[in-house]
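Some structures to go through are shown next.
Heads up, the next two complexes both have chain A, just with different partners, chain B and then chain C.
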Partner chain A sequence: MMLKPRLEDHLVIGKYTGKVIIGVGLLMVIPLLTSIAFAEWDTAIDFVIGMAACFIFGFGTQIACRTDKDLEWSHGLVVASGSWVVATALGALPHFLSGHEGSYLDAMFDVMSGYTTTGLYLLQDLDHVSHGLNMWRHVLTYAGGQGIVVIALAFLFRGTAGAYKVYVGEGKDERLLPNVINTARAIWLVSLVWLAFGWIALSVTGLALGQSPVRAILHGLWVFMGAWSTGGFAPQSYNTMYYHSVVFEVLSVIVFIAGSFNFALHWAVWTGKRAEIRKNIETVSFAITLTTLVLLATFVLARNGVYSDAVILARKSFYQLASGHTTTGFSTIFSRAFVTQWGPVGMLATTIAMAIGASACSTAGGIKGIRVGIIAKAFFHDVRKMLSPESAVVRTKYHHVRDIALEDPIVRTAMTITLAYVVMYLIVTVVGVLHGYPVVEAAFEGVSAASNTGLSCGVTLPSMPAAMKVAYMVAMWLGRLEFMSVFALIGYGVSIVRGK
Partner chain B sequence: MRLRRAWLGALAAALLVLTAGCAEQHAGGGAPENPNELSSGDLVERMREYDGMSVSFTGEAIGEAMLRGDHAWIHLNDDAYYEKNIEEGAPLGGQNSGMPVWVSADLARKITTFGDYKHEGDVVRVTGVFHAACPEHGGDTDIHAESLDVVQRGHTVVDEPKRAKLAWAIALSLVAGALFVADRAIAGGLRA
Partner chain C sequence: MAAKRSVEIPRTLTHPQRWTGYLAGMMTEAAYALVLIAAALLIALAARVIWP
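Take a look at the complex of A and B:
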């Protein structure tokens, strides 16, 4: 029997959703200050409106939903997924007010894409947007990479026992430290240290490449944010092709691969366990699938004679595939070049890379290396069991921070989530095909949205049908939150109507 | 209870406004004609066909000239905004499109204004060889320009603050401030 939520349930969900949205409003201080610093007054007003709307919602909800009750599991999941929807609706205000979006739906698409670190966008005339709006695009994706709930946990929640439930609801389940709020702060510590080094390296490179100091510093920061969050937003419409530099490409690859690693792995290395990098099931799985797919794409591109020499071929192939596999979405080729140069097999290799994605509890999306690794281990475990004598006891372990015995519940969970991703990939592909796009392009773009990658073959345009925009937004949201908390939100809605 | 109902009503009204805003915006006026016989879209769409051909390409210089020794990278956009951008009232005309151009530093210096939020860049015509995957530049798609002419000088763009937006910003800030004070007062009252 489905239980109708009580008033107390609504109050606790409202209260914590309000807290998260206040956090989103506070984030807008960064683009607001940027706009003021560059005398972009009209943009500054857009951010004042955006912040005020967030605070009205946040404080209004806190007043209307005052309660001392702490979060339960179902509340945590609903707060996490619900906060993302409200944060998208309110975070879209500065985009919409800028006049660069075709509709409020387009503005919400871009914000959902930013929070979920996808990187697809519908914003028009990116090359003429203000520094303030560009800052907001990149702050969105940087914050979304760590998780907007993680931000609220780190800075706005004080000692609530239910905090862990919201944290898990956002698709993160690693506890780096015994206390979840300290875990959230540890995630921010790792991210901010990388920010300092990455920003400096990319800015210095930008200066050496001929950018003015101000533009080099801004581009260095934004490209770092796009890379570390595996978001793929860039300040110019040419994406990372704009810089025409192998050094810039190498730096961005280092940052986005690091960003795609599990925060638990970062924390292990941070605390001196360097061997974790080569032992962890996720890094091993990532290395194997990336190498295989790069070889496949390189072979096809070589056979088609797209690039004139081996070094260029390897460089282009590795960059796009690594970007796809880490679900970053940076690209050094034109979007349509996937269709006109790379062809169906090159696109298929990239699609598989995007579908797999990178590590769990990272900024990346997709099925995740840990699940691919567990399923592969389970497969070989069964093969070994079949080949062994009946009396033999076959045990399999995998390494993720510590050695873990491979047991049926772990395999079942990995298979369930993998199946959910595969079904979602199929649905978004079918939606594209039903709207008249060729199946390879529909699959490429649909998987890119659902795995939070952001590589495009030219399907995602402001003129794209509204139904596809909505389908991609839902896929980005589901993919980022890994289904459970979104299903909890839907269940919550249904129980309000049908519960007893 | 009354407070909660009022709050729910306000949220429902906001949702209605939001839904109305999701309708497509149709800006008045049309986008300018593409200045090129072969647009950047044509070049990318049929890369193999045009690879190695001499082309003439016109577009707005955006970003900056990135000097590399005696040459420089510039980027020319031939999209709907090459003459006028959105801040000046140009209608929405899709996303940017253009072509990277490798040109001698001396020719690049002819460009005085590059397009960004506060500038509409010089409109420039280059003639040179199109490369689908340039062997000299890591496989990038580009044009190696042999000549460059400035067709139209760029200009500064002023995006004046809109009065209506300013009024909304003040009104909403006052409401937000009042709610903040009320929230703190209620929290303080409960603690006491």
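Take a look at the complex of A and C:
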């Protein structure tokens, strides 16, 4: 029997959702100050309106939903998924008011893409967007990468017992430190330290490439944010191909690979367990699958004579595949080059890379290396068991910060989530095919959206059917939050209507 | 032992004693990415040898 939520349940969900939205409103201070600094007054007004909307909602719910009740598990999941929807709807205001979006749906698509660190966009005339709006695009992808709930946890929640439940609802289920608030702060520490180094390195490279100091600093910051969050937004429509620089490419690769690491791995490596980088199941799995896919794509591209020399071949092949595998979405080739130059095998390799994705509890999307690693270990475990005498006890372990025994519940959970991703990939592919796109292109673009990657083969355009825009938005949301909290929100909605 | 350990590892995340560890960690992570880049370059060289 489904229980109808009580008034107290609505109040606690409203209260905490409001807190997260206040956090989103506060984030808009950054693009607002950028707009003021560059005398972009129209853009500044757009952000004032956006902030006002967030604060009216946020503080309004604080007043309307006064309660001392703390969060339960189901509340945490509903707050996590619900606040992403509200944050998308309100965060889209500055996008829509800028005049660069074809409709409010397009604006919401771009904001959902930003929060979920996907990187697909429908914004028009990107090369002439104001600094303020460009800053907002990158701030929301950077914030979304850490998790907008993590922001609220780190800075707005005061040590509530329910905080961990919202944190888990956002798809991050590992505690770096015993206290969840300190875990959120450690996540931000790692991100901010990398921000300082990555920003400086990319800005200096931009200066060396001939950019003006202000432009180099802004581009350095934005490309860092796009890379670290594995978001894939870049300030120019040519994405990172705009820079035509091997140094810029290497730096961005280092940042987005580091950005795709599990925060638990970061914390282990940063606190002295440096061997973790070669022992962890996620880094091992990532290295094996990426190198195998690079091998496949590189050999096909070389056989077809697409690139003239080995260095260019390595640069193009590795960059797109590493970007796809980390679910970043940066690209140094034109979108249609996937279709016209890379061909079905190259696109398939990239699609597989995007589908697998990078690490759990990171800024990345996709099935995740840990699940692929666990399933592979389970497969070899079964083979060993079959080949061993009946009386033999076969044990398998995997390493993730510590040695963990491979047990059936772990394998079952990994299989369930993997299956959910595969079904979602199939559904978005079918949606594309039903709208008349070739299956390879529909699969590539659909998997890119659902795995929060953002590489495009030219399907995602403002002229794309509205149903596909909505399907991709739902896929991005489901993929980022890893299903459970979204299902909890749906269940919450159903229980309001049908519960007893 | 527990008391000694709490003295050795500063409690605050931003304590100056922690920063050398943080920087070494960052370098280790960057080295991992560079190894993958080097592997890709070797693969491309091999591909060009097979398909000149």
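As a working rule, the second predicted complex is superposed on the first by the 500 of 500 C-alpha atoms of A that agree within 3 Å, B and C clash if a C-alpha of one lies under 4 Å from a C-alpha of the other, contacts with A are read in each partner's own complex, and residues count from 1 in each chain.
Quick note on the criterion: a contact is a pair of C-beta atoms (placed from the backbone, for glycine too) under 8 Å apart; a residue touches a chain by one contact, two chains touch by 3 or more.
Remember, predicted model here, so these are calculated numbers, not experimental data.
Chemist: So in the superposed three-chain picture, is A:Val422 touching just chain B, just chain C, both, or none of them (first/second/both/neither)?
Modeler: It touches nothing on chain B or chain C.
Chemist: So, A:Arg185: does it touch chain B (first), chain C (second), both, or neither?
Modeler: A:Arg185 contacts chain C only, not chain B.
Chemist: Does the superposition put A:Ile490 against chain B (first), chain C (second), both, or neither?
Modeler: Touch partners of A:Ile490: none, neither chain B nor chain C.
Chemist: According to the stated criteria, A:Ile257 is in contact with first (chain B), second (chain C), both, or neither; which is it?
Modeler: second
Chemist: I'd like to know which partner A:Asp309 touches here: chain B for first, chain C for second, both or neither.
Modeler: both
Chemist: Which holds for A:Ala287: it touches chain B only (first), chain C only (second), both, or neither?
Modeler: Only chain C; A:Ala287 stays clear of chain B.
Chemist: More chain A residues touched by chain B or by chain C?
Modeler: B
Chemist: One more residue to check, A:Phe318. First (chain B), second (chain C), both or neither?
Modeler: Only chain C; A:Phe318 stays clear of chain B.
Chemist: After lining up the shared chain so the two structures overlap, which partner does A:Gln211 touch, if you call chain B first and chain C second: first, second, both or neither?
Modeler: first
Chemist: Quick check on my understanding: which residues of chain A belong to both its chain B contact set and its chain C contact set?
Modeler: The overlap between the chain B and chain C interfaces on chain A comprises residues 309, 313.
Chemist: Where on chain A is chain C touching in the complex?
Modeler: Result: residues 182, 185-186, 189, 193-194, 197, 250, 253-254, 257-258, 261, 266, 269-272, 274, 277-278, 283, 287, 290-291, 294-295, 298-299, 301-303, 305, 309-311, 313-314, 317-318, 322 of chain A touch chain C.
Chemist: Which residues of chain C touch chain A in the complex?
Modeler: 13-14, 18, 21-22, 24-26, 28-34, 36-37, 39-41, 43-45, 47-48, 50-51
Chemist: Of all residues in chain B, which touch chain A in the complex?
Modeler: 3-4, 7-8, 10-11, 18, 21-25, 41, 44-48, 62-68, 72-73, 75, 77, 79-81, 85-87, 90, 92-98, 100, 115-118, 120, 132-133, 135, 137-142, 159-162, 165-166, 168-169, 172-173, 175-176, 179-180, 182-183, 186, 190
Chemist: Inside the complex, what are the residues of chain A that reach chain B?
Modeler: It comes out as residues 40-46, 48-49, 51-53, 55-57, 59-66, 89, 96-97, 99-105, 108, 123-131, 209-212, 215, 236-238, 241-244, 246, 306-309, 312-313, 315-316, 332-334, 336-337, 340-341, 461-463, 466.
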